[in-house]
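By letter and in written order, the chains are A, B, C and D; residue numbering begins at 1 in each of them.
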């Protein structure tokens, strides 16, 4: 993340503040950005509560404009201070940063009266600002690796859930029929997935004896096969952990004993002082 | 999957296209089949939505006939191009392929007015076409082996769930009784499984204090014992992964027995030295 | 399970039939018993369905008497054929066997008109007959050992669930109050366990914003801590499995290589014929 | 847990009774305390049931005073008998012990008529007494260590659940809208977490086809990602079990650092040779 030499000194400084995390200014910028994101998300959420929107409409509107302008400045500074702007603009974060600012501007130019619902939808796009928070999450390499290794197996697993749901959903539609709330096959499949994943809303429930027996069967399947993704991730995670010994797994220079606890200052086997 | 020498050249070619996956024609056939299956499933599902069926009834009907005729041709070609047709016909896929085509023909010959409900049920059998998709799923050997090894334990586990559900369901029927929605013992057992598997529809809920205490007990059991199948599959999956580092799906040249372990140097069935 | 020498020959024979599983007579007895138990359970369950009871009351009653008499004979034969009858009578199975027969007799002597509800409850005790089925389940030693080893940890886990539920249930009672369905602290705790275990009946749901925020918190706790018993059982099960190498884990007499697959007839390392 | 030498003999004796668990008096004290806590919790809970409170109000009130006075005496004795009272007072247990007694006294001095709701809240604070029970739970070191090691990963996991819920909740609000029960974005997010954690109350359910498709998607995500915390805890628990065969909770005689690994021969903090 070191700023390339080509950048002029003030651009290098901006780069350090925006992308860097080690200087006080860089840290301050990150903290301000963090709160701005959370604040903007909270505003988007509260705006949707009618009673609050009626009371504080102007406050919400001004807050939105302030945040949008701040994010616009941030977006422009990011483009300026980076040596390859095009790469940033089309990167994941670049698109998220752009999407965070656009909706408010579009809402200004479009006359609300005619495009009210589209306008409303665009405003809510701002919720994607939350993806900016991912910047602040430290890497969890083992976890991601375990998920990546499990990917194909989890895909097969979800595929089988769909096949089971389509078949059993169709059978439930046949047994229960529209008169008991299973109005169509897609809805029966929806019910089947609700049941299989043990969510169980209860808005649609089997009424016939045969339907309840099949529902019992579906529930036990769902209860049992939850073990499958768990087993896969668990095993893959264990495997990926074993492959990559964590940092505290060093050895004593004197006697070669393994040092397990990272706060060790002396070897627990020979008493040798550890150099760290 | 090599086509036997007895087949005439055009039959061998058809065999290559239908069963093979390495030639461009074979790949194209697989992709067309894949989309035809998904298309036919979507049609079956949408047909059941009344509002859509009223609008697009003719389109659905024609689509159905086209797909049925295509699958019929595929079925006949599969029988012709295989050297042992009988084996294919009575295999799992053979039966699925037949069941995919039959219902539409039967629906043509049966007069709808009298056998409407039977006719309706037969039409839905076509959903089993989705099982054809399994052909396209790559093998997940470790997963299947883990499930096979866990089979007997998972059976015992489900058996105990049934015993617990029958006893606790009966007790709940005694405590709550028909006046609180627990109309009969089978329905109480149904409720007990709904609760134990943490589905919790909420169509039937305990109303008495004693019933709620027992329900609490059932829920905690259900929440706790979900650990059991997960633990089993997880452990078996880890074990099956560790035991078999790189599985080879080859066969012994001498006796034809399958060679599962890649470090095998001799066939474990006939003692023949393997060439690798 | 060898019958002691003191028993007279006919008692030894009965013992062999009832307790033994290797002779044809013993096997036949087990199969008959298995079906009799399942049949009696089905009868108990169907009797509770009013529409069926009205139609087939006499059939159910006669079936009950036949089974009760059969189980009584079985109970007496078990006492006679065993060398230490007292030990059997007070054993788990002995009590279950007695409880399987008693209720029907008691129902005969008690006049229904006055003690109808007690009588009804006694009849349902017969569902405990299902515990007899446990005899037929093979031992699953690893599983039981894993559960035994996890016992104290699972107890602590359930204990913490109760503490969390009591505290959060009380807080929910304070926030929501009787006007939103949280009528008393015990009921709030009941709701809390329903939510924590991810059952979620939906008969009581938080209505206030604060209540919904706390509910969200409870749900995520519940969703997260389900990992704890699973992790425990999984780890213990893996450990107990490693400790007790399964039967197929033998070694070649010739070269000492481990034999993993139980159907191996030749060592896969040196080609030596295995003696089994 | 040895009482320091500075304490006078009667203070040492009290210390032994209250903190010790090996003398008969210490054991008796623990058992009495255990029952007093459980009794007081049951009283708090039953008081909230209106029908019971009307009947037994005086009994509940007197019971409360007796327990409060007992807990006050215990609290004072604990302060007296300990050599560093300040450390106890500000420790976790010290605060719990104080909070167990205060509410009843405050409720006495505050006139109920005006501060009724505050008064009611304070009374219920006594439920925190249940935290005193934690004293009686044996240490489960492996489990706690596994949870501590998983902490950061579980935090990231919960953080992603929130991001997913905020985005999908907003989308659901857009699709379903206030007319189908998704009144505002916060409530949609609440619904999303209810569904993602597989709780599924069913008080709010999607009504549109698009909403049901997205709901299906949310449910399968929730059903799948439950594997993640389970896999983490399971792997960490296995690892923490393997790494530390027999944990010793002793301390270095020289510098007082805790010795965690039982195979340690030298203190890892000061290099002092340990006598075992």
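As a convention for this text, a contact is a pair of C-beta atoms (placed from the backbone, for glycine too) under 8 Å apart; a residue touches a chain by one contact, two chains touch by 3 or more.
In this text, all values refer to a predicted model and were calculated from it rather than measured experimentally.
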{"item": "Distance-maximising chain from subunit C - centres being C-alpha averages", "value": "A"}
{"item": "Option in A-C, B-D or A-B whose residue-number contact pairs overlap B-C by over half", "value": "A-B"}
{"item": "Equivalent interface positions on subunit A and subunit D, same or different at half", "value": "different"}
{"item": "Centroid spacing, where centroids are CA-atom means, of subunit C and subunit D in whole angstrom", "value": "32"}
{"item": "Chain centre separation in whole Å, for subunit C relative to subunit A (CA means)", "value": "41"}
{"item": "Geometric centre distance via CA averages, subunit D-subunit B, whole Å", "value": "44"}
{"item": "Centre-of-Cα separation between subunit D and subunit A, whole angstrom", "value": "29"}
{"item": "Residues of subunit D engaged with two or more neighbouring chains", "value": "186, 198-202, 222, 226, 230, 232, 234, 238"}
{"item": "Contact footprint of subunit B on subunit D as seen in their complex", "value": "198-202, 230, 234"}
{"item": "Residue numbers on subunit B that touch subunit C, as the complex places them", "value": "152-153, 156-157, 159, 163, 166-167, 170, 173-174, 178, 183-186, 189, 195, 198-202, 205, 209, 212-213, 215-216, 219-220, 222-224, 226-228, 230-232, 234-235, 238-239, 243, 260-261, 263-271, 273"}
{"item": "Subunit B-touching residues of subunit C, taken from the complex the two chains share", "value": "41, 44-50, 120-121, 124, 127-128, 130-131, 133-134, 137-138, 140, 143, 146-147, 154, 157-158, 161, 186-187, 190, 193-194, 196-203, 226, 229-230, 232-234, 236-238, 241, 260-261, 263-271, 273"}
